[in-house]
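So, here's a batch of structures to check.
Here chain A shows up in two complexes: once beside chain B, once beside chain C.
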Partner chain A sequence: MSTTEHVMSKFLNNPDDIVPESLAGLEAAHRDLVTVDAENQVVLRAGGPVEGKVALVSGGGSGHEPLHGGFVGLGMLDAACAGAVFTSPVPDQMLAGSKAADGGAGVLHIVKNYTGDVLNFKMAADMLDDDGVQVETVLVNDDVAVEDSLYTAGRRGTGATVLLEKIAGARAEQRASLQEVAAVAQRVNDGSRSFGVALSSCTPPSAGSPIFQISQGEIELGVGIHGEPGRRRGQLGSAAEVASQMATPILDDLGLESGSRVLAFVNGLGGTPAIELYVLYGELSKLLADRGIEVGRSLVGSYITSLEMAGASFTLLELDSELEALWDAPVHTPALRWGV
Partner chain B sequence: MNAQTITRWMEESASAIGENRDYLTQLDAAIGDADHGANMDRGFSAVVSSLDGLGDQPPGRVLIAAGRTLISNVGGASGPLWGSALRGAGKRLGDDPEFGPEDLADALDAALAAVVELGAAEEGDKTMVDALAPAARAYRAGLGDGGAGSALDTAAAAAEEGMRATTPMLARKGRASYLGERSIGHQDPGATSAAIILAALDRAVRAEG
Partner chain C sequence: MSTTEHVMSKFLNNPDDIVPESLAGLEAAHRDLVTVDAENQVVLRAGGPVEGKVALVSGGGSGHEPLHGGFVGLGMLDAACAGAVFTSPVPDQMLAGSKAADGGAGVLHIVKNYTGDVLNFKMAADMLDDDGVQVETVLVNDDVAVEDSLYTAGRRGTGATVLLEKIAGARAEQRASLQEVAAVAQRVNDGSRSFGVALSSCTPPSAGSPIFQISQGEIELGVGIHGEPGRRRGQLGSAAEVASQMATPILDDLGLESGSRVLAFVNGLGGTPAIELYVLYGELSKLLADRGIEVGRSLVGSYITSLEMAGASFTLLELDSELEALWDAPVHTPALRWGV
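Then we have the complex of A and B:
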């Protein structure tokens, strides 16, 4: 069977409607937390804007759920703009989301470092500036699998996005200024590194067939979150070996010394069950212990995904007491909730 | 050439992009994320739908409106890049009701400049610039030998040649750059849609008869 004849086994009415229908479902399930501006495909915090609070606005292509719409609510985002699957939203959406979320204290745009996201958010920020809305932008670029050089688009934004949205959101709830919220967001990005691997591809509804082919027993090393192939392909080893392949480049890049404290985040890419994620987490915690690195906080689950891709990513964030307290602060969103 | 020429160019582009939607998606699946065909198709379909509402606007204004429609409908990198290209070309044409072959050369240069400025890409980076830049050069050079029609034949051929030349290149911009060496051996989808759009311009001007 050729790929063009591939029949998609997905819960769909019409592939073209997957994003608006999913947003409508999110709203129906969490009316106490979010409202959806259906025309602009923007998820807004219920009861917003919050007067006097810096508004956090993020967004990106769909297909990474629960990111970003699932993180709208108390202690995290004020607005999330949903693009088509794996396609950045358009400036009109960020304009609408930012204006709806602005409580008079300015807007922080949280942008994953992909060319499309960067260009569309930049155009929106320029338009908001014309309209007198204060905007700061933080770029997330935590993926160590991508060489950071003048000759690439730079490192991708992946798992650190979740940590950054949580921590900057908590800082904004303290009524910190736009500059202070942007500063802590930048600190989270600078102290985070991630690495992802995949055991399968994924099928974007508009494409109808998997983005790449991979055989049983093979692993793509250094994947992002858009189903794109990774930097190289290898033979799938044991969970302990894979954990080491993922953790080593992160640890090398962060340059963590014995005695450091980290937040360890093991993320599923959509098609890997929690039982396997916890196997990976166990291996990661052993690797960290061997190096004398203390795990201050942890998060395990599928929070930034690539449709139904089987795979996982590790993110490590070096902690200090401020970041730890902000991580622990109350959060109440569709996908992340504690302390309330 | 006048606003009708631009309208015809947009219609020709939309139908050619529509016909090549799956092809562009396949090219993008190899080194990107398989959305280029769907995005460009959605954008140019929206442009065509918006043309009726433009009334008797001058050609420059039609291009600016088309660019704005692409920015509002495409997303990804292609939306801002093609949107800025058309707006740049439209601003260069200004409010004159007609434009000549030399004006078109300036408009193509302005489109290229807008893309280069926003995307910070150079020739050889395996992007749409690899089709646009040689086409703009070939058109201006071709004007010396004949009219806009024959110069556009040369430009469309140069765009296609530039598109093919992206295959052995290492991607340095956009999502394909994440693949590093693995981006080599694949034709760039952005250069491909650029060549399609320039061929559509050639047909639109040729249709003036």
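Then we have the complex of A and C:
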């Protein structure tokens, strides 16, 4: 047993081992659902590839748990590649994950729009193509807060990733073709917008110090999931004000009309408890009702996080009957489960 | 819209309204599952009482979400009474909740062992008895950290509450009698032990300042879910060391033999993200394997919290085939769902 004492207030052993150790814990807790390829840091669906089903492969930097490894299982992902905290996985991981997950019907890469992820998934897709594996890629870029950022050209991929992985996963379970699964994934991305805010910073374990400074009572509006700066720093207002600051740019950008039906997703960034997320949900539901927008489905919880950051994001997805039925389809993963 | 600016880094409007507003958000997000009696601050199962089924009624101070309101629905609670943050609800709430939930087969009160809750539930039970409603009470006192505390005579009720509400809820769905449901609830409590640790304090909204002070790199061993002091304050060690500090007193107290089978529950206290909880789970699973104890079921997540406190608790429940089958039975609540 190590006798390390450390000043970061986190549960960890050697800070450099947090990702493999967390993956090992995920596997130990959910052996019925997932297997971890420890060498490649890839979470795989237990039982091996599903023959004849399109394989969904995602991944990205760690620190956003349960995304992505917590979403591997029936009705969602077949493989999730875990990079170091806030660092893209490398193409070899994506190659290993895709090959292990491929059931002969092709592979869909679900890529959040960050420069490193995009480049590395592209390289992996090229290698898979050389090996005769069919690959389609869907880019998630739902964050309306900023057009370009520290890590991206164009919009960042945030909360919509969760919804897309669920819905495209359900479509794949129906044994739809690679093109059909990619098409519904694209439709989820196109119909989703997100906006996030932070009330605290977070500390990547290997760095050991917070990635930015923010005072009690301040809010970073439009923050990314790696603590990237947003639109502006301001004084924290009431929950009603914050909800409006988050929902308004989403609604303006989506251009939803009265009578539209949405999935409303209130996400915690890791350090914000449920009591506050539900206060925000209540405010969001009032804002939507004021505009005549109906909430068809909801999701409230910490599903795409930024380590222990206190903060939240809203994601709205415009629903239609197909997306709603795919959302309702059975799912059984470590972090999302129903119908089974 | 309020223009309040406040220095607490929380999503809220008037700090005194956080409980009713969070309940309103819970109802708005899960109208298919719950109804909120706003006057009494009671979360009720949607659709009214289930005729012929024993009604499970719990409650306690708020700030522990999703406990208890997030566990109302099929296969768990019929009513949850929400007090102010870290403050027992009053007997009138328990009376209202019990009457609204009663389906004619009696009511089980699930009471965490804190002096206020115990007294108030007792008064409510007496009033219900006067009104001819059959009531049984099960006291949850699973916390092995301290014998008496700031708020209790005897052990505190913590993580076992979640497991008990799930398992007794499943037994009630089978239309077992009040005595049978109470008996299995008692069995879960008797077979469960918990231990919690804190790495940060938390701030009750109405107080506006942290309830205790703890420095970066310190750990409070044996903390309660209201920030009550535990066994001792120390330097934070490695995750392996912390896991051993939590698991050892539980295992010593439960007296599990090699070959025993447990449900292992790693719970976050509100501000600790999933990546760290899974590191702890990995360490716990190694400690259990070393003793020859088999993990039959697991639960990892933030289910009984202490506002935004960074920290975690372990709960172990000795399983048998009946408890395991009841754990696996369908549940559909805002915070716990499977099989439906």
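Assume the second predicted complex is superposed on the first by the 329 of 340 C-alpha atoms of A that agree within 3 Å, B and C clash if a C-alpha of one lies under 4 Å from a C-alpha of the other, contacts with A are read in each partner's own complex, and residues count from 1 in each chain.
Everything below uses one rule, namely that a contact is a pair of C-beta atoms (placed from the backbone, for glycine too) under 8 Å apart; a residue touches a chain by one contact, two chains touch by 3 or more.
Being a predicted model, the structure only gives us computed values, none of them experimental.
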Per-residue touch tally on chain A - higher for chain B or for chain C: C
First, second, both or neither for A:A310, with chain B first and chain C second: second
Partner chain(s) touched by A:H226 [first = chain B, second = chain C, both, neither]: first
Which superposed partner A:G271 touches (first chain B, second chain C, both, neither): second
Touching both chain C and chain B, counted on chain A across the two superposed complexes: 4
Complex contacts: residues of chain C adjacent to chain A: 1-13, 18-19, 21-26, 28-30, 62-63, 65-66, 70, 199-200, 216-218, 235-242, 244, 264, 266, 270-283, 285, 295, 298, 300, 302, 305, 307-308, 310, 312, 332, 334-335, 337-340
Interface residues, chain B side, partner chain A - complex: 22, 25, 29, 31-35, 38-39, 42, 71-81, 118-119, 172-175, 177-180, 182
Of chain A, residues touching chain B in the complex: 4, 61, 83-92, 114-116, 119-120, 122-123, 145-147, 151-153, 156, 204, 206-207, 211-212, 224, 226-229, 231-232
